[in-house]
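To start, the structure under review is shown below, and the notes come after it.
A, B, C and D label the chains in the order they appear, each numbered from 1.
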């Protein structure tokens, strides 16, 4: 295992220290327990957005803390859901009297830990709502399983709901908007290489030079199937077709198209993927109103990419365009 | 043996912690195959913290002790296993409030409560390839083994281990492994294995 | 070789197509020859900034085209300097009557090709000045050699000079400011892994699991020395000490500190490096006024990092803070 | 042979293109060891473009032909070798303006002009581990070999190849290899090798 780290135990704390030093205008960090809150928290009279999950997905979520996006992010150990006390303590710090919205990716661990935190916060008299993301079409959806994973859509949801909160939208409405976004976005990802959890010290799976994993999540787990390597255009089709047909997206729909790198993929390759993804979307008669290309929700140093499409209306687009000022996403300010 | 005292319970938790530390790599490897490879680290981290807590302050009764275990696991393990094992021990605590010791019936009752809590939280049924698959048959074995704690826990441990092994051919329907669909088949469930370790150390503690 | 590409020949063109589709509000792309110009070029009455170099360093340079930074970027093939006709054609398009400033990283190929382009542009009656970056302290500086390489400082220079041009600073003064920046910044980098040039199809060097290269450039070349792997703090020291002692930076100096990823390094590791780099700078009595942490000047999918320190005065800081609106760097707008 | 005509020159450039294509991997491997691994691809790309240009339109004389070669290399090769080889051929063109053919003296004069241009642009001295190290001794050999073009170019090719091999022990002082300092020692210079290929194909063209 070759990493720019000191020891597996210290990865999360030291990265948080680096973030705090690098972004003093955006955020403050607590180390016991771990959480990141926006510099000006609590913002009086506005809904506070709290998200979190395992570490190793940077910039998600800590990089999205700041004006117009998250009020707090709670990082667990690498690929491990955070514990309830993190969301409880962070929630108390960011609560501005208008309630808390938790944005939770659908993983058994995340769901249960955020549920516990919500109960604890409610006992403190704080109103809490939760929206989930479960946009990964690689996983079959069924009442009898854990359901689909939350992946790329999470970033788009955090941006849009963050803008809504900043505008003063009440908790109930933000929750409803979140549920709508949940139902309007789909994603799928693939990997060229595995990644190595620092504590494990070895890659979570082995891939031959001519193989790739399609249908991966964001935790270094193998995908739904292992298939032979293919050119970028073909890979992009393997991701886009299931995404577009699942919802389904319909001719004439307006979308935000998001091509995401898994952490070890250079930007030049993401643009090659975006080129094809945009062409496929257009072929389906979709109008790409906005896009995002970059490594925003990652699996450590995994090489690979994911695509996310979100059907948007005017309100969502306006909120997408609204000012945001975080370490990883910034415009309008 | 017919009485499981607070000091026995402390010994159990410490033995479990040692066993989890020893088996950390195996648990994480099982998790890497069908999950995200952190189950060993999660459990070790949690139980190391629990042992520290137990060393720092004595517990008045089993109820207080298990509550400490549960709260500590909740705030240190994370992942799916954190709330599941945390809630499990909190439930053991609730059902043991004020009790200085367990007899066989109390033990079975507490553990059944723990299982119910796991199922309430995680909504896993028997056969979904989770820790429930190890715990549930173990409690049946324990309940059928009579009043001797050594015999009862021995039967439970054997049943849990056997059931953990038998999770391999199952298709996962809960937790991360469910994302793999058919590819989850052929690998044992990590949580069923850590659960078996808990019951094996319970058994050796009752023998000692 | 595992990459999200279609064929080595098409990498640059297809990535440019993706960029053009993704950033229609920032830039326009020419394909024959290759160049990227800001959407609103030419900007009348202002100095136009032209940079360029081999591809494979994304987001540099194309990602820095836009308001407040570059007027044009000329991408060569992967790791190959662009040809003079690219800078010539781009220069003609962006020239707004106040002259062109070329920002050139000190590589024999870049220097010669930009020189030829400058001659051609001058023949068209366009005033051209050139500033160089040669900030890499890993390379010994000598009159008898090609001199030092231009690396991370290039980004900081492009931002600051871009703001100066936007403010209407005349060519002569921008050139002087550029020369001052050149003399005020130093960098050094290291690699955990090699990278693979698409056309070569195999890694440019082999590193064992317990080795790393220190003193690398940005073209996948081996570094100055191969040393045993070390913890992140020690690696950061190996980079920071030569950087800080070379100029030298003096107690009380104000700096911009830039921790850069080489393309395959996840952000979580860069923050760990930043944490230590900031501590070392403080130990030296330096004041970190601003910082930048991310993968901005890369070597394809190479894992590794570089650090850059730039001594700044108030003017440079104000220009650093001035609005910028490019795909890869954006604030104030 | 005593006359090197336009059609010979075309044959030379095509032979050079074929040789560069054949040796592409070797040139890039040499460049990967002490540079950035693109020299083979750069040269192939440039000469493929040149051959296309030459096929599209006939050149009136050697001057026009070499100008086309030089301009095309300038706008297709990039890197350090683009301006160096581009400028080299442009200089050949300047010195051959209006000439339908070279004799030995004209050839030596043109090539010496080319070398001077490379050194003006690149500022490399003999021993800096660049293409200059192959070209310079080759021209000395050519100048000393008399008026027969076949003999003169054969001597030049042999000297260039020999000199290219002997760049291995040198410490690079120009181009990318100079960044490696001591680590550049022990590897042949890629540009010296492509230069040797140019002269070898010149020799075989003069023999044919």
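Keep in mind that, in the parts below, contacts are C-beta pairs under 8 Å (C-beta built on N, C-alpha and C of every residue); 3 or more make two chains touch, one makes a residue touch a chain.
If you're wondering where the values come from, they're calculated on a predicted model, not measured in any experiment.
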Q: Using the contact definition stated above, find the chains touching both chain C and chain D.
A: none
Q | Whole-Å separation of chain centres (CA-atom averages), chain B against chain C | A | 54
Q.
Distance between chain A and chain B based on Cα centroids, please, to the nearest Å.
A. 32
Q) chain B to chain D: how many Å between their CA centres? A) 75
(Q) I need the residues of chain C touching at least two other chains; which ones are they? (A) none
Q) Residues of chain D that touch two or more other chains: which are they? A) none
Q) Taking touching chains as linked, do they make an open path (line), a single closed cycle (ring), a hub with spokes (star), an all-linked set (complete), or other? A) line
Q. In their complex, what parts of chain C are in touch with chain A?
A. 1-7, 11, 14-19, 21-22, 55-56, 58-59, 63, 192-193, 209, 212, 229, 231-233, 235, 263-275, 278, 291, 293, 295, 298, 300-301, 303-305, 330-333
Q: Quick one: which bits of chain B touch chain A in the complex? Just the residue numbers, please.
A: 28, 32, 34-38, 41-42, 45, 74-84, 121-122, 173-176, 178-181, 183
Q.
Residue numbers of chain C touching chain D in their complex, please.
A. 33, 54, 76-85, 107-109, 112-113, 115-116, 136, 138-140, 144-146, 149, 197, 199-200, 204-205, 217, 219-222, 224-225
